[in-house]
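We just call them A, B and C in the order they show up, numbering each chain from 1.
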Amino acid sequence: MEPAELQSKIEALEAALKTATAVNAEAFYWWCTALMVAIHAGFLAYEMGASRAKNALASGVKNLVAFAFLVPTFFFVGWWIYNAFPTGIIPGDASGATPWSANMGPNLADNASGIFWAAFTLFAATTASIMSGSVIERIRISAFTILAIVLGSGVWILGAAWGWHPSGWLNAQFGLHDIGAAGCVHMVAGFFTLGVLINLGPRIGRFNADGSVNEINGHNMPMSLIGLMLIVMGFFGFLGGCIIYTGDTWMTIYNTPTTLSAFAFNTLMGVSGGMLGCYLVTRDPFWMMSGALVGVISSAPGLDVYYPPLAFLISFVGGLVIPKLNEILLTRFKIDDAVGAVAVHGFGGVWGLVACGIFASGYPNAAGPAVSFYGQFASMVVFLLLGFIPGFVLSYILKVVGLLRCPPEVEIAGLDLAEVPVKAYPESRIPAFGDGSLSPAE
Amino acid sequence: MEPAELQSKIEALEAALKTATAVNAEAFYWWCTALMVAIHAGFLAYEMGASRAKNALASGVKNLVAFAFLVPTFFFVGWWIYNAFPTGIIPGDASGATPWSANMGPNLADNASGIFWAAFTLFAATTASIMSGSVIERIRISAFTILAIVLGSGVWILGAAWGWHPSGWLNAQFGLHDIGAAGCVHMVAGFFTLGVLINLGPRIGRFNADGSVNEINGHNMPMSLIGLMLIVMGFFGFLGGCIIYTGDTWMTIYNTPTTLSAFAFNTLMGVSGGMLGCYLVTRDPFWMMSGALVGVISSAPGLDVYYPPLAFLISFVGGLVIPKLNEILLTRFKIDDAVGAVAVHGFGGVWGLVACGIFASGYPNAAGPAVSFYGQFASMVVFLLLGFIPGFVLSYILKVVGLLRCPPEVEIAGLDLAEVPVKAYPESRIPAFGDGSLSPAE
Amino acid sequence: MEPAELQSKIEALEAALKTATAVNAEAFYWWCTALMVAIHAGFLAYEMGASRAKNALASGVKNLVAFAFLVPTFFFVGWWIYNAFPTGIIPGDASGATPWSANMGPNLADNASGIFWAAFTLFAATTASIMSGSVIERIRISAFTILAIVLGSGVWILGAAWGWHPSGWLNAQFGLHDIGAAGCVHMVAGFFTLGVLINLGPRIGRFNADGSVNEINGHNMPMSLIGLMLIVMGFFGFLGGCIIYTGDTWMTIYNTPTTLSAFAFNTLMGVSGGMLGCYLVTRDPFWMMSGALVGVISSAPGLDVYYPPLAFLISFVGGLVIPKLNEILLTRFKIDDAVGAVAVHGFGGVWGLVACGIFASGYPNAAGPAVSFYGQFASMVVFLLLGFIPGFVLSYILKVVGLLRCPPEVEIAGLDLAEVPVKAYPESRIPAFGDGSLSPAE
């Protein structure tokens, strides 16, 4: 063959390999997206199980509404925010992410926008679901929907633009290292939730007149545990969505090289460490599984760099501490967080970011300064405020206009009676499992 | 290096890339198949939850039997039908799909037949499961098994050969565009089910003497909702199985180019639109999750071409209308469809095909005329009849010979007592949850 | 272009394709790992459902503890055992698998160790979960944890080194063919469990004074069935983890070529055959789904070579026989295996290995003699002893020191009261579902 012919064959091969890579990347994120739906199935099971039977379906509806509204709002607004605001609050050029862009739809020349948008949309749904469990059994579905949209298609994605984007200013300014989105997803959602809980107030009967606490338990703990294990499975989709498939080296969101093998080591070690930490201090299976989440979140910022036993230890410490923080929120600050999401996601994220400043200090970034305790701490404060302020302000407004919370008589009777036209367990003669009437067979 | 040497290296690379593509395609469909098992897990949860407790296990057994019988029957018959009948009812050459073919087993020279067969087998199982939920609480397991085999390894796959095959006559003749199998899977299953329901009749107690309707609710709505969310996850396997991985451009089943990104956009928008449409008209979480299916089905035919907000709207309309259609079937035509599958899958598929004729009219096909309203409508009628007639005729025969339905006393006592040697909830003292005896601890 | 330039471009392409393959392999095993978490979610649902309500959470905690402890112990010990002991009991060089190795952590030059370790860790968790279900409702969580660690991070992985490793002595010596790990995972776990059950003894009330058997049923059969279907889904992760992704031909663990298509054919046929075999002899949905496992295990050793209808038949025979074996263990030998794991996994594995000696006899191995009945039988005996002896000895020691079993009063009251600080169903007034108190609404 002539050199010219050889050259053209080589060029064809180069093009084919490039196309194959684009296609394989699509396939990879397609499965990420699918597994993140498992997170949503898991949250659904987890929240319904964590509700008393009289509120089970209302909790579920809330979760479904969040998912359903986030998809279009994230299409019209969220994706653009991510692309427009990496440098702060002045929007940059994000013409490829506007809803009228040729990239935001079927486009044979774009094998990336749709699949990345989808993965991010599921991130958004996860973010809203984090809040969802905390506010069950008294929030209005309408108010929750508004809060979920603002959180999922607005606030967290602004945090992602700032701190989980190749050009985000937190990375450029502070050298923020947060590979697994502990800040923009978990902290933002956790502290947004804290803001909401302050205005929402505790469930009726949660506290006695003297301030002492009554137990309120979900009606179906096994369902919650299974749900939480589905969430762990789904985290492989979530964390897969945190790595850039280039077909060559895997890259972090900050354009530093990594491997999926590193993620595999530290994800499992994190899950395990968090579970064992929580087990040691609580013996409670609900907290063990919450500990799996604490573990993932604690190690998330440094998945690419930690020696696996270090990830285990960081997550173990997270697991030891978080249940106590939840208890302090409850007993000292009278925050009635039905599932502990503020502690798990909010303080879990704080610990994850700070731990990365301690243990990965000095690790170089592709752009911006090296990782440092100061940079991690400062970024953490940014995420905390970014989550808390809008959650507090918006829920305050909803409270003032009387839309935030169900009336007390609805709460006592159970939200399902007022907000859901069907029954969770229609055959049960146990009042709390249904309406108290005898089953038809009797 | 000499040109000859370079040439041989280039040829080796070309071969290696081709092999890599074949292997990656196998991996892609392997995960499609796995996630479609989640559809089956979902249907299992959904149907058991939608049954009264006295029938829960019988519903589950039915579902398991369908899966178990479809695998071998689809191996021996179904796959051959798909390959033999694209042109109509005269079988063509399908020697590679006969059960004695060297392709139908481990074959180092064939990295495709097994994995495609597996994905199609799970499609078949899905098809049978669609019928399964509608006929619970009174059909005999034996009759259901026969119907499931005919539907899953016969009828739908003939529809797939006709309308969801590169050489299918509906595409060649009418320019049918149905990327996501709304016709051959959903419509065929839905109208087959309608045919069965007509002969099967309503559950005892569903209608009063004056024709008014009594509510019959499943015993465990949370279980149904979780199951439905698992089905949504599984749909990523199903829709992944609707796209051809070539390693170069993704292709639709009709050999037109597409991207997985387009599928990602429109799948999520469809799910969301359907959920919100159903939510608006029902506020019922069961219908919201059925709406997710309505949404996927409504947008399925045009996943490759719709602008995502259009997919949202099409699915939203589907979600608005389908619950009403289900009610009309129930109140006007006395069709007792326990889960609404005729409306969701049957009419959802009708709307999906017709909508594609409205909104994608003029889109070119690789073979056959361009997409048109007429072509979509005509194909829709074909699928409707292809599903309805065998379902009606076969169930009529089963009815005449007295094999279709359980005796009334069995139905009243609960099918589990007669057809299942174990109890769903043996500790419950609630009659409907068990046998009415006291629990051992009392 | 000059030949030198062309050559450098070719070399770049060769390197790029090699990297792409390494990256795609990581992605493949990442999904394997994720789906094996579904096995764990499934076991959790299955075991809690198979427990009486008074023990449901204790069963769940046991399962979670196993997972949590196996991750770090498999990191520190298990992976090294696999790499050090293929030739028997003298450790070879396994420096890349020691916990201080540069391969055992993030390493930009190693895209394999982490992801393989993760997949193997989930295999280990599966192994421990197999035992977990059998010993519910009377074992101490502490004793179980010790047994689970020894089984999951010690015994089975030694079996894997011997018989499921490219250089394993069982392959080299006997030509062992066990593609799908029926021996090292299922048989070892099954017979380890048998050893434990002998020392643990039956649940109180399982046998009458005259030796006759009382039924003890799980409190939530639907939950168990859904769990088992999730396990079937997860088996696609497990079996995916049994094939070597090279980007060129797929290889078995013994370095013989195969295809994922072969796995797809025979996995589904095995699931189906096992389900139908069990259905025929029991009509019991719990056994049908256990039959799905029997089926996978029966066909697992020859997934790469069986003609699919042969896999169906082998698994069908397994499904016919295994429930009877479980009954014999119960009635003749008074082995109270709460979920039948000894029969399903232990004898299922025996049948799988032996069947492969019958039907794949003469199939060549890359190293070692061809497959033979003798070689399969001898290997089977090795796995049987390797599992049974440590399980029996260790549980005997635990029994002697009084740590193995809960005190009878705890067992009668329910393990949840003693070992778990929360209630499974706090609202239930049925004693077995809670504490017997009336629900708050009364």
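Methods note: a contact is a pair of C-beta atoms (placed from the backbone, for glycine too) under 8 Å apart; a residue touches a chain by one contact, two chains touch by 3 or more.
None of the values given here were measured: they were computed from a predicted structure.
Enquirer: Can you list every chain in contact with both subunit B and subunit C?
Expert: Output, common partners of subunit B and subunit C: A.
Enquirer: Subunit A and subunit B share one sequence, so how far apart are they rotationally when you fit their Cα atoms? Give it in degrees, rounded to a multiple of 5.
Expert: 120
Enquirer: Any idea if subunit A and subunit C meet via the same residues, over half in common, or different ones?
Expert: Counting shared over all numbers used gives less than one half: different.
Enquirer: For subunit A and subunit C, what's the span in angstrom between their mean Cα positions?
Expert: 31
Enquirer: Which positions in subunit C touch two or more other chains at once?
Expert: In subunit C, the residues touching two or more other chains are 3, 6, 10, 13, 17, 20, 24, 31, 35, 220.
Enquirer: Which of the residues in subunit A end up touching subunit B in this complex?
Expert: That would be residues 1-3, 6, 9-10, 13, 16-17, 19-20, 23-24, 26-27, 29-31, 33-35, 37-38, 40-41, 44-45, 48-49, 56-57, 60-61, 64-65, 67-72, 75-76, 99, 104-108, 110-115, 117-118, 121, 220, 223, 227, 419-429, 439-442 of subunit A.
Enquirer: Touching subunit C in the complex: which residues of subunit A?
Expert: That would be residues 3-4, 6-7, 10, 13-14, 17, 20-21, 24, 28, 31, 35, 52-54, 217-222, 225-226, 229-230, 232-233, 236-237, 240, 245-250, 257-269, 271-273, 275-276, 279, 282-286, 288-289, 304-309, 312, 430-433, 436 of subunit A.
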